[in-house]
Amino acid sequence: AGGEQQSSSTPAQGGAASADTIKVGILHSLSGTMAISEVSVKDAEMMAIEEINAAGGVLGKKIEPVIEDGASDWPTFAEKAKKLLQNDKVATVFGCWTSASRKAVLPVFEENNGLLWYPVQYEGMESSPNIFYSGAAPNQQIVPAVEWLLQNKGKKFFLLGSDYVFPRTANKIIKAQLEAMGGELVAEEYTPLGHTDYSTIVNKIKSAKPDVVFNTLNGDSNVAFFKQLKDAGITAGDLTTLSVSVAEEEIRGIGADNIQGHLVSWNYYQTTDTPENKEFVEKYKAKYGADRVTDDPIEAAYIQVYLWAEAVKKAGSTDIEKVKEAAKGLEFKAPEGLVKIEGENQHLWKPVRIGEVQSDGLIKEIWSTGEAVRPDPYLKTYDWAKGLSNE
Amino acid sequence: METYLLQIFNGISVSSILMLAALGLAVTFGLMKIINMAHGELIMTGAYATYIIQGVFKPLDGSAVFGLYFILAIPGAFLITAAVGYLLEISVIKRLYGRPLDSLLATWGVSLVLQQLARSIFGAPNVDVKSPAWLNGGLVLTEGLQLPYKRLFIIFLAALCILGVYWFLYRTAWGRRIRAVMQNRSMAQSLGINTRMIDSITFALGSGLAGVAGCALTLLGSIGPTLGTGYIVDTFMVVVLGGAGSIIGTVAGAGSIGIGNTAFEFLTNASLGKVIVFLVVIMFLQWKPQGFFTISSRALDE
Amino acid sequence: MENTNIGYNGLLTKKNIPIAIVILLLCLAPLLLSDFRINLLGKFVAYAILALGIDLIWGYTGILSLGHGVYFGLGAYCMAMYLKLEASGGKLPDFMSWSGQNSLPWFWKPFANAPFAVVMSMLLPCVLAFIIGYLTFKNRIRGVYFSILTQALSIIFVVLFVGQQAYTGGTNGITNFKTILGFPIASASTKLGIYYVAVALLLGAYVFCRFITARRTGRVLIAIRDGENRARFSGYNPAVYKVFVYCISAALAGLAGAVFVPQVGIISPAEMGIVPSVEMVIWVAIGGRGTMIGAIIGAILVNSLKSGISESFPDIWSYFIGAAFIAVVIFMPSGLVGVFRSAKAKLGNLRLFKAEKA
Amino acid sequence: MEKVLEIKDLTVSFDGFKAVNSLNTSVRAGDIHFFIGPNGAGKTTLLDAICGRVRPASGGIFLKNGSDVTRLSEHQIVELGIGRKFQVPSVFNGITIYENMELAAEKKRSIYSTLFSKLTKEQVERISEVLNTIGLYEKRYRTPRALSHGEKQWLEIGMLLVQQPRIMLLDEPVAGMGRQETDKTGRLLKEISSQCSVVVVEHDMEFVRECADTVTVLHEGALLDEGSMEDVQKNPRVIEVYLGRGGE
Amino acid sequence: MDGEVSEVLSVESMSASYGDSSVIRDISIKSGKGQVVCILGRNGVGKTTLLKGIMGLVKTPSGSISLDSTELWRLPTYKRASLGIGYVPQGRDIFPQLTVYENLLLGLERNKNRGGIDEEIYELFPVLKAMLKRKGGDLSGGQQQQLAIARALASRPGLLLLDEPTEGIQPSIIQEIGRVIKKLKSRQSMAMVIVEQYLDFVLEVSDYFYVMDKGAVVMEGETQDADPHKIQQKIAI
């Protein structure tokens, strides 16, 4: 079980930042439905903080994390964000997972001129001056995946997603892309978050006979979907599915044998072959247990703490404006490879990788861009994406 | 054609899952009048119990014996969850008889605690229960019509549980005692029935049934701390639609909601399907305010 | 049970000391607490308004609604629509454009008008409550059947609001407001202003509810709670009374939602769901149902506790809150107010004698 | 005397079992009209039908003005002036005894009037008077929860007294009362019968003899005999199925 | 009291209360085998409370209750019942959703080795036999009262507590119940305590009587020596 550590490192709260520490906020769902994903992300951030502190901290000061529980509830996220910024006066916040929670805290960060580091891939169409996005923008995950599928797997797409903003927006992008690139949409289905019976959906997939199921389901639903897909006698050999919200952590819950052979698209896998990653995986397992796995959001959460620390060091201050300025163009040798902060939109340059799930639950990279891709949250560089954003 | 046949099968399958999930509630809520908001967490307990039992068998993974863990897991989940229910009864529930609305609040607290407990013990992420090999695959009727063994097994298990509970409640002296205690505790006492014991046993029984449901659910979905939350409204709906206090009603309620859900989901989409089914249930209740199987009473109140 | 003989006296009696203290404390709070805490307290005041409504239907009339989040949410959405339109300054709200909506839907348009939005925030819940209440109470759906039905209602609304992303903002809900009536919503003085408005509305809602419960109407409601059929045979039509209080309660919930939104800055469909709806009932139970002041105290206290504990123990706060719920129900069946009263009664203050003299 | 209530060919059945079977009878103004008969004869069911608690399978129950109460809902029937006391005492436990009386005394039972109107001075006086009569004046600020069985009976009768219906239906009003109280009830009934008709179901023959103007004997849902008490108690069938040969 | 009969029930200086409000103070009553003891008193004096106290259904802060010289005071209700008390409560307390037959079977609970319902019970209350399959709650008031008595008799208890057993019962059956009580009495196997308002009935069946007022015994004596008018007067005050 994870998460015992931070209780010892959660300091007494309330007072002003003491002279020899720098307070940072950590804001994730530690209870409620999103806790299944966010707790590990929090763990990764805590690990990074401990490492940095062990190496002497930043600006000669130790980082002091203030943890808050967003409880899978968006107004609670907003409340806790306010608390971190106004009460604790934290230098920065690492937090959120769902786009909804990010949208909820966004005005709080803008009003209070705070800084949020957001570690999860998302639907794009956003670029707040108060947020750094360390997960993938659509052009670093979805767009290349669709392109690869069209080239390698077939033209008929079945879009399956959870009913909320990320899948809906992602599918809007995919549909535009399919149209531009000669793909065909056979069906688009949404299920409520937390939906657990996919027999009907599987039946619909069967009768629609797509070449590809592009899966933007989130959370628990993936477990039900893949288990039930397999029970219906459909294997990865019969039908390709590509998921963008299923990483190693989720695969543990699904059961490797149920999803073996299916595809995913991310920027990082536990198997990613870099020296930095080898070290990262080792440290993570040493700290949280050999049975734990690392994955893309965990890695993004981990590196964003380092990116902030580097920026602070470079700026020589925790002042938001100075940190933002210093962060522009900042490069970091991350487990996923060399990443760089794009000053224009505060997203990361990231490599894109398509992988296949193995029988041991890990993911084997089968295709990659090799080098980091420039983030393009509004898809401005794609002609077919013209109508998608109103910016 | 096959699509439609399969869809009918799906309807029955979903009904059987609902039935299994609601059966325990039919006892604790229908019979005992405890609005048990922790029912979902008892289901979760059953799922984690299955996970634990599987863990014990883990060294045998790969051998044929491993698959047998599931046969043990069903009674195991029943007993473990019944034990949790028993503890709950003697610590909390026993103080709430005759205060159904208060029971809602206390069990809500219980559900918060149980969820957090699961998170502390098993970690926040989902865990995986590997289904036994003998339940993999399906009964192939025609090329496009394959009925998964897991779903067939759940239908069988649900039927077995229903029959068992029906027999126990309506055909045995224990069942008679249970029903008597639930209807009039002080009179039952006055007739020499140890109502404290009956209460505990009944609640444990209802909890144990939730555990069996949890065990079955490991075959189909995720096992995490919030596993049960998704079932709470559906199961209450099943019991209420069928008529609280009636086991046959629970079957009917589960059947109509399950089949309705899959049918409307097939015709529209999952969200709309749910909305339509719930709307239909609401409208149905206007017509039959006490559900399918009404228990009439001459008494002035209730 | 509790309110044995309120209402024989006017409103200016010693019965009103507790509410006077509560309101006074709320008014003085800004002198003692930080802006952030006041903002939080303002949110709890909104919850207290809602709790009054729940107490009216549950504590007095015995109707347990597990779907009051819907009414709260509707009120909140009405207000949010106004704020969003003001924030987008005539342009299409941001979420609509990224959801593929090209023009403002007709039903959004009137919400640019603040008074309209405020009125609708109460009227809309009231109308919905009337429809639901009229049908169900006329058809004699009672007790847990009603409770479960309202749960279904709540699910329906959540799913619909989530599904209609282009009109409602989907799961995200509506957020990112800028001004209210032209004042910057983030500024400390605006926030303080809103806070005082909330406190004033709470007082107003309290007086209104007390008016109802102190009249014979209040007695009829309790009679319906204790024996609906008996009330019928005494010549009262329970359906009419139930619809009446249910509508009032929904309107109060809507008002609470409207007060909530500018302070919290977001409303999302999850706030209409089962979890918040159940929690609302819990506030009232903990404060002490059947007493208006109990509802207020419960709402403010439970939420303060929840905020406080979750700040101190972010990982395991559920244990404390869960245990607190259990403990209150078991050891204080009549809530905090009940504990207070029985303590008072034990001090030899036998109200019976006073009543005798009156 | 003029008929205030006419029961025509009334049948009430439960899953085929006819608890009341083609019953024809009527109640006259100012009468104290007793329904007696064996346990299970259908007396309570008959009262239930009159006050709208059960719907008859066929037949009708007509008031003086010709309206058929079997088509009305319970509170409408009360508005037409029919009041009922139940076999198992039922009062409102959550409000005080005094408030129970207030609710019963209310004439217009709309929300508007319970919100805005006050009880008249006469009504208030009447309540005090009745509270004294039923011996609960001292306890009037207590809730009925703490009353004994007999006291609840009295409270329920008291509520009827302030309600002042035109037809009063009493189901076993003296069950569980002592002789003294029974006699008192008898006197009360006679007193109020000057203003309304009283329909009583009772098994206390002394009480029936004391008070009854008319007695209707039911048996298995149907009418067995009707007339004065002297007459019906001589009927051998009545003795056989109801009174018994042991003395009465 | 009569020294010859062996004492079955002996209540000594028992008090009883609901919550904080004390209803019975310091009451003592006795009943022996084959003896019928009657409790009289106006409404609300505490007769029902006395029986509930014996059954353990209300708080009894002080006193002693013994049954065949076993002390009951600390025992839970169900154990008291199992030791041989049959109880017919005021208000009948039939299990409404159970059939008549099931209600009767539950009467056997305290005496689990009794096989079935004695035919005698049906002879006594023929209406029950005709309605075995009907739900208890659907019976008429008087039918329920008969069922309650039958249920209490089913297990042949050593002590029978009857709270206003004739309430709501038709005259012919009241006579019948009177006969049964006498018959049971003649068997000398059972002690009976009856709370009654119906004086004629009491005088006919009982051996000993207590008159209660305000939670205490204000008069007691052998029935045969008693003057009905005196009792009536005592009750009236």
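For reference, chains read A, B, C, D and E in written order, and residue numbers begin at 1 within each chain.
Here is the rule we go by: contacts are C-beta pairs under 8 Å (C-beta built on N, C-alpha and C of every residue); 3 or more make two chains touch, one makes a residue touch a chain.
No experiment lies behind these values; they were computed from the predicted model shown.
Considering every other chain in turn, the ones in contact with both subunit A and subunit C prove to be B. Steps from subunit B to subunit E, taking the shortest chain of touch contacts, total 1.
The set of chains touching subunit B and also touching subunit D is given as C, E.
Farthest from subunit E in terms of Cα centroid separation is A. Using mean Cα coordinates as chain centres, the one most removed from subunit D is A. In whole angstrom, the spacing between the mean C-alpha positions of subunit C and subunit D is 43.
If each chain is reduced to the centroid of its CA atoms, subunit A and subunit E end up 74 Å from each other. Between the CA-based centres of subunit D and subunit E the separation comes to 29 Å, rounded to the whole angstrom. With centres taken as mean Cα positions, subunit D sits 74 Å from subunit A. In subunit C, the residues that reach two or more other chains under the touch definition are 159, 162-163, 227, 229-230, 318. Residue positions 86, 88, 90 of subunit D each touch two or more of the other chains. Of all residues in subunit E, those that touch two or more other chains are 138.
Only residues 14, 37-41, 43-44, 87-88, 146-151, 153-154, 172, 175-181, 203, 205, 241-248 of subunit D touch subunit E when the two sit together in their complex.
Here subunit E touches subunit D in the complex through residues 18, 21, 42-45, 48, 90-91, 127, 138-143, 145-146, 164, 167-176, 178, 197, 199, 232, 235-236, going by the rule given at the top. If you check the complex, the residues on subunit D that touch subunit C are 51, 53, 73-75, 78-79, 84, 86, 90-96, 99-100, 102-104, 106, 109-111, 114-116, 141-143, 145, 159, 163.
Residues of subunit B that touch subunit C in their complex: 29, 35, 37, 92, 95-96, 99-102, 104-106, 108-113, 115-117, 120, 232-233, 236-237, 240, 244, 271-272, 274-275, 278-279, 281-282, 285-287, 289-291, 300-302. Residues 3, 6-7, 10, 13-14, 17, 115-116, 119-131, 136-138, 140, 144, 146, 148-151, 217, 219-227, 229-230, 261-262, 265-266, 269-271, 274 of subunit B touch subunit A in their complex.
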